[in-house]
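What follows is subunit A paired twice: with subunit B in the first complex and subunit C in the second.
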Partner chain A sequence: MKDRKALVAVLLVAAAAVFAAGSSSARTNDHRGGTLKLLAKAAGGTLDPQVNYTLEYWQLYQASYDGLLAFKKAGGNAAFDVVPDLASGYKIKNGGKTWVFNLRKGIKFSNGQRLTTKDVVASFQRIFKVKSPTSGSFYAGIIGASKCLKTPATCTLAGGVIGNAKNNTVTINLTAPDPEFKYKLAVPHASIVPASSPPNDAGTKPLPTTGAYYFASYDPNKALVMKRNPYFKEWSHAAMPAGYPDQITQSYGLTVESQITAIENGQADWTLEAPPADRLNELGTKYAEQTHVETLTAFWYAPMNVNIPPFNSLKARQAVNYAIDRNALVKIFGGPKLAVPSCQVLPPGFPGNKPYCPYTKNPGTKWSAPDVAKAKKLVQESGQKGAKVVVISPDDEVQKAVGVYLASVLNQIGFKASSKTISGNIAFTYAQNTKNKVQINVQQWYQDYPAASDFLNVLFGCDSFHPGSDSSINMAGFCNKPIDKQMHRALKLEQTNFPAANALWAKIDHQVTDQAPMATLFTPRHIDFVSKRVGNFVFSKQFYWLVDQSWVQ
Partner chain B sequence: MSGAVVGEVPAEAGGLAAVAVGPWQLARRRLLRNRVALAMAVLLLVIVVLCLCAPLYADHVAHTDPFRSNVSGTTIVNGKPVPVMKSSTQGLGLGVTPIGPTWDIHHYFLGADEQGRDVAARLLYGGRNSLLIGTSAALITCFLALLVGGVAGFFGGIVDGILSRLLDVVWAFPVYLLAISLSTVLIARGLSFGPIHLTSGSLLLPIAIIGLVYIPYVARPIRGEVLSIRRREFVEAAIGLGASNWRLLWSDVLPNVITTAIVLFPLMLAIDMLTEAALSFLSIGVQEPNASWGTIILDGQDVLYTRPAVALAPGIAIALTVLALNVLGDGIRDALDPRAKLRRTEP
Partner chain C sequence: MIRFLARRFVSTLFVLFSISVLAFLIFFATPGVDPAARIAGRNADQATLLAVRHDFGLDKPLPVRYGLMMKKLFVTRDLTSYVNRGAKVIPQVTQAAPVTLSLVFGAAIIWVLASIGMGMLAGVFRGKPIDTVVMVVGLIGISMPVFWLGEVVNLFTQSRLHGSVFSWVPPLGYVPFSHSPFGWFKSLIFPWLTLSILYIGIYARVLRSAIVEAQEEDYVRTARAKGLTERRVLFRHALRTSLIGFVSLFGLDFGALVGGGALLTEVVFNLHGVGKLTYDSLQNLDLPVILATVIYAAFFVVVANAVVDLVYAWLDPRVRRV
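For the complex of A and B:
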């Protein structure tokens, strides 16, 4: 009798569990469908995932393109985890120099073509053929890459990327162990596209995808349309989950003000742009439930060209750092809920971050107030008093305001400064090219992947400085040999002892801050304003809002 | 316009006591009788004087530096210190709003812009620059138009052919498009032309650009005027007396076309000020930290929802100034050429 009762109880529990699971699944399925309408001021350029380097499209690639590995599609810090994607698993051999990936079977591109090892090998060759912006930085460690960088058109990566169709494996051989390689394989530039893809930038012609959505059409003057990939079957919820909307559109051309109004009125669901300053209060009060504020691993900074006057003087650069009122900049950015003052390169909570702020009234770990008197004294000592300085900033509202503020500060401490705005379309490359003789400009850097080197080595390493090139991300032209040597040591140390490497990165961070090739301004937070009908908002710290994981019905 | 300007006996003077009154005196009398034009002249004068007093206002009344950011500063409202830029404390606490108009002449009379700067002080300084650019550009336009139009119309033939085609080439471009193109290029790089070196932030750049693009608009009517005067009897008589070309130009032609330039000057000044405002609004005119009414409207655009006064104040200033200049220009034209008015009123 007792056993029978227990059996009935078990059956009831099981039935309840099945019902609950069923109803949960039904509830989830209820949300499938509809069109998610995104807005942006302008298109993000080429749609080629191996060429495009904008957050605008990287956010969309999360739901469409896959690499061998992927950042986990999850909220918060879990998004920094790298999980197998098109590869079902991988092994690292040969002391970190050889990576062997088992390719999943049964995956098809959105054009119906089956994914093979040939596509994987061709995609890695294509990174070099299309001159991907990170081909020289992220993938130069693959055997054969140096030859591909010299003659991209004939790139084979012989001995570097080897496909084995029989075993369905792909082997990647590196010239040296690279502990950050897994991150590099998870960014869109390492997306796998069909082997038949053109060996040059596909531009506005979408390439077939393997993910949940494909790009049905793209007109940079009008709109982009993403539809469900008819051949997609979810193989890993962590790597590429199925999405909710049937269609995702991104329309271009409206002003930011109009975009915000459209979302308020329910005519659109989201805007790529940061809301204008005069609408923030309205969003934070009237539309608080539709406004999502998230912390970012990023920093706003003002690189100072260390190779031309007046910032070839360390004292002049330090003076700028002392004089800047970070609280004022926080206000310009939208207030203390949207930014936090900062003095150093690595953002709070980032690997290698150890709080440090020498450029404040009471030097220590936190910025408290500007020290204008000290700044004026340093300018006097530098011999650069009265020097003409032009602050370059992109022409959007906030960056322009930051540029005007910096010019005002420079005038206050003894320089003769003015600010100049440049179209946002060219400002990034303009500031990189030494031929333009940019003295100081307004910039921001958002992590590609969660490693200190992505900030310190990329922005202030000697290898990132290419005089006369539009692709010289070390805008300060800072090349300090002893510090650079330590960066290389830290990169090597990452292979064996990650905590020790991070301790060394912390030291490097402080040294770079002391040398002041830039003035760090603040750590930003990110605002997403969505329409009332958008549900299940998930924010990945890696590539931000997981667009397709929200529903609209 | 006509050759009658020279040595006319005015009808108004009639009767036995008729005394020959000079054309300029006659024009002055007509202008003084035009109440609307006079009112506008007074309004213009007030605006100019107020703008010239900008440093006095900033230094001795508002005690502020309108070119320095004051984002973290405070001011006094109703005897209490308040932040110039106030962070929101409601809801999610997003956004920072600059102080609005206090209507206190000593403390942010028209409020602050997004840099925490006093809008009233910037409005006056901006007005100085807008008026300076407008006046200088209009002078350049009228002077060069007189020169080019005068020479083309007087000498005719190949000289006229070349100069007129050059004017046609400039005329062929939509004026704003030409001004924007020139500004975009020159603001980025500055201008070096022989011994002249203008940096990108120099006010001389917008003056030069605006002054040059409008030359055809004034030069063409002047050329037509000169062509007409060239065939008049008094000119032919002077030729018959053996007057040289330069004497003819200086003594017979110029006095008769100068009135055209004078009539067009206030109108060009108004147009130039509007063009300057447009260029500055597009960030390719006056450059920070300098201000003009156009740049202040641009600043105001960023706080249009919360502080519309920042954009409205310079907008109203431009509207009033341009209105005053246009009405005054009409008054001057009527004073110098009453027949033009008659022609306009004829059915």
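For the complex of A and C:
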């Protein structure tokens, strides 16, 4: 009797488990469908994945375009892992100079065309033909790239990218080993598009995709529509998982205030824009469950031009670093929940980051309070007291406030400072050109891929400084030969010993911080505000919210 | 009359040409405006930058650049945006025009009817309390900036009272008339009211002073002496002549609004009209779109001016001889 009771109990539990399992998978399936409605203030420009360089569309490409490799579609730090995507696997040979990829079979583009090695080879040529912004940096190490950069129209990458249709393999030969190449293959500029794609920027005409969604229509003044790719079959959940919504739209034009209201009303599901400061309280209290705050691998900084007065003096630059009250800036940005004070280049948790802050009341690993007395003394010693300084900042609310604050700090320690705002659309290129004689400006840098060089070498390496050009990302004009030499050593060391290289990058990070070509302000956090019906919010540190992995029903 | 028309036509062309050259030159005189680096993308290689500059003809001298742009705008009609590459400019303007027309026509009907009513009321009851009330209300309307008023309207209709009184208000944006006439009406009713409030105030004041003036005129006195009723005097005589100034003012305002002058209303209510297009292109420093919208706007202002002149010429033969 007892036994029978026990048996019944076991059966009941088992039945309940089966039922639960069944219903949970049924529930997951139930979530498929619906339209996810995204909002943005303005369109992100061309839709061509090999040209566009905005987070706005890179986020959407995660659900649509594939490269040979991909960043893992997962939450948190797992998103920094690179996994095979259109390639089923790859081998690195010849001391890191030759990469051989086995292409997956049976994959079709959203126009029904079969993916072949020819498409892969053509896509790599196309990076140069369409003059992709990173063609001269990320992909310049491929054999034949230098010729392609000179004459893009006739680019063949002969000997650099070789397709073998019989074995279904693609071989890429590099002029030198590049341990960061796997990251470069996983960003959208290395997306594989049909060989028949036009040899110039496709602009507003969507190119066929291989991923879970394709772009059905795009009007930069109105909206972008993504639909399920009818030819898509999930081949790797880590690289390109199937998505939940049947359709994803992104509409343009609403002001940020109206976007937040629309999401509160359930008229839309998400906004690309950061919520304005006056709405944060409302979101944090009334809509806390719909608000997601995530740390970012990025930093806000104020590059100081080391080649013109007053910041050609190291002491003057250090003085600025000592004087800035980072807590005040954190407040401007939205409070301690949204930003963390910082003094160095590499953000917390990033490869090569070793906490370091010399510019604070009690120097050590963390910033605690400004040291204005020391700053004043340094300005006196630098002989730049009374020098005129103009702080340039873009014209949006937050950056403008940061610029005004910096000017007030500069005035406090003995400079004659004023702030000047210019259109956010040209501020970035304006500040880069040495002809505009920008002394100090407000900037931020968000990583392309998780490697220390993407911050240090790109922003403060001699190779990134091009006087007189609008494209000279080293805005401080900082070219310190000994430090530059170490950066090249670290890049080389990455090929053989990644941990040792990161230890070296940590040292370089501290040296750059000591030289103060910039004042680091803070590490920002990211807010996503979604509507009530959005479920399964997954945030990848690499490409942010995985849009298609959320459901709306 | 034909000579008058021909002269107007030539001067219109000259005005359009001057405005386009001016917009073009101001654009390239702005520091840091060179679009090549923005087109090429973040941290682009120097070789890429050069190639892009060449592709967009930005390495050519200014007059050639202007000529090329005008050719693409008017002859081949395939001028594309600098910012949203591949997006053709002309379809953007032609798609935006119906939105602006819907907005401006609706608002114009409201403001003409309301201001005639208010102006007459104030004019007829000059000096009485009702005159003061109407004029103060008009002044309040004039004093409220449209972008502020629009945001306040949105605050109530989209946020605070969206759950109750205003639950019928659709999300901000335009619904084409062909999709749903009622949806079109619902999406535009608040933009119409917001845009018209400023003009109601101005036009009511203009009409009031004209009516007050007209009532002192001999012909009104004569009409009264003939024993006509006060109503007939007001509508047939005083109002009719008072409307001349009103109509010419209307022509100019209407032309400017159709040309994109309702920019702030369109931005606040997310109506993708010509004004919003102008606003976005200015924000983005997108020269091809700026040029197209500026020429479009100038065209409407010039045409409205010409129509007003024609009406004058018809009213007053002396103008034709000048």
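Here is the rule we use: the second predicted complex is superposed on the first by the 529 of 553 C-alpha atoms of A that agree within 3 Å, B and C clash if a C-alpha of one lies under 4 Å from a C-alpha of the other, contacts with A are read in each partner's own complex, and residues count from 1 in each chain.
Following the convention adopted for this analysis, a residue touches a chain if its C-beta (ideal position, glycine included) is under 8 Å from a C-beta of that chain, and two chains touch if they have at least 3 such contacts.
Note that the structure is predicted; figures quoted are calculated from it, not measured.
In the superposition on chain A, A:327 makes contact with subunit B only, while subunit C stays out of contact range.
In the superposition on chain A, A:469 contacts subunit C only, with no contact to subunit B. With both structures placed on the common chain, the touch criterion links A:373 to neither subunit B nor subunit C.
Of the two partner chains, subunit B is the only one touched by A:288; subunit C is not. Once the two complexes are overlaid on the shared chain, A:401 sits against subunit B while remaining clear of subunit C. Annotation: subunit A residues 257, 422 touch subunit B in one complex and subunit C in the other. Across the complex, subunit A meets subunit C through its residues 42-43, 45-48, 51, 53, 131-137, 140, 149-150, 152, 201-205, 219-222, 251, 253-255, 257-258, 261-262, 264-265, 267-268, 422-423, 425-426, 428-430, 432-433, 436, 458, 464, 466, 469-471, 473. Subunit C contributes residues 30-34, 36-38, 40-49, 51-52, 55, 80-81, 83-87, 92, 95-96, 151, 154, 158-159, 162, 171-173, 267-268, 270, 272, 276-277, 280, 283-285 to its touches with subunit A in the complex.
Against subunit B, the residues of subunit A that register as touching in their complex are 257, 276-286, 288, 291, 293, 325, 327-329, 331-332, 334-338, 390, 395, 397, 400-401, 403-405, 407-409, 411-412, 417-422, 527.
Subunit B meets subunit A in the complex at residues 67-69, 71-72, 85, 87-88, 90-97, 114-116, 187-188, 200-201, 283, 287-289, 302-307.
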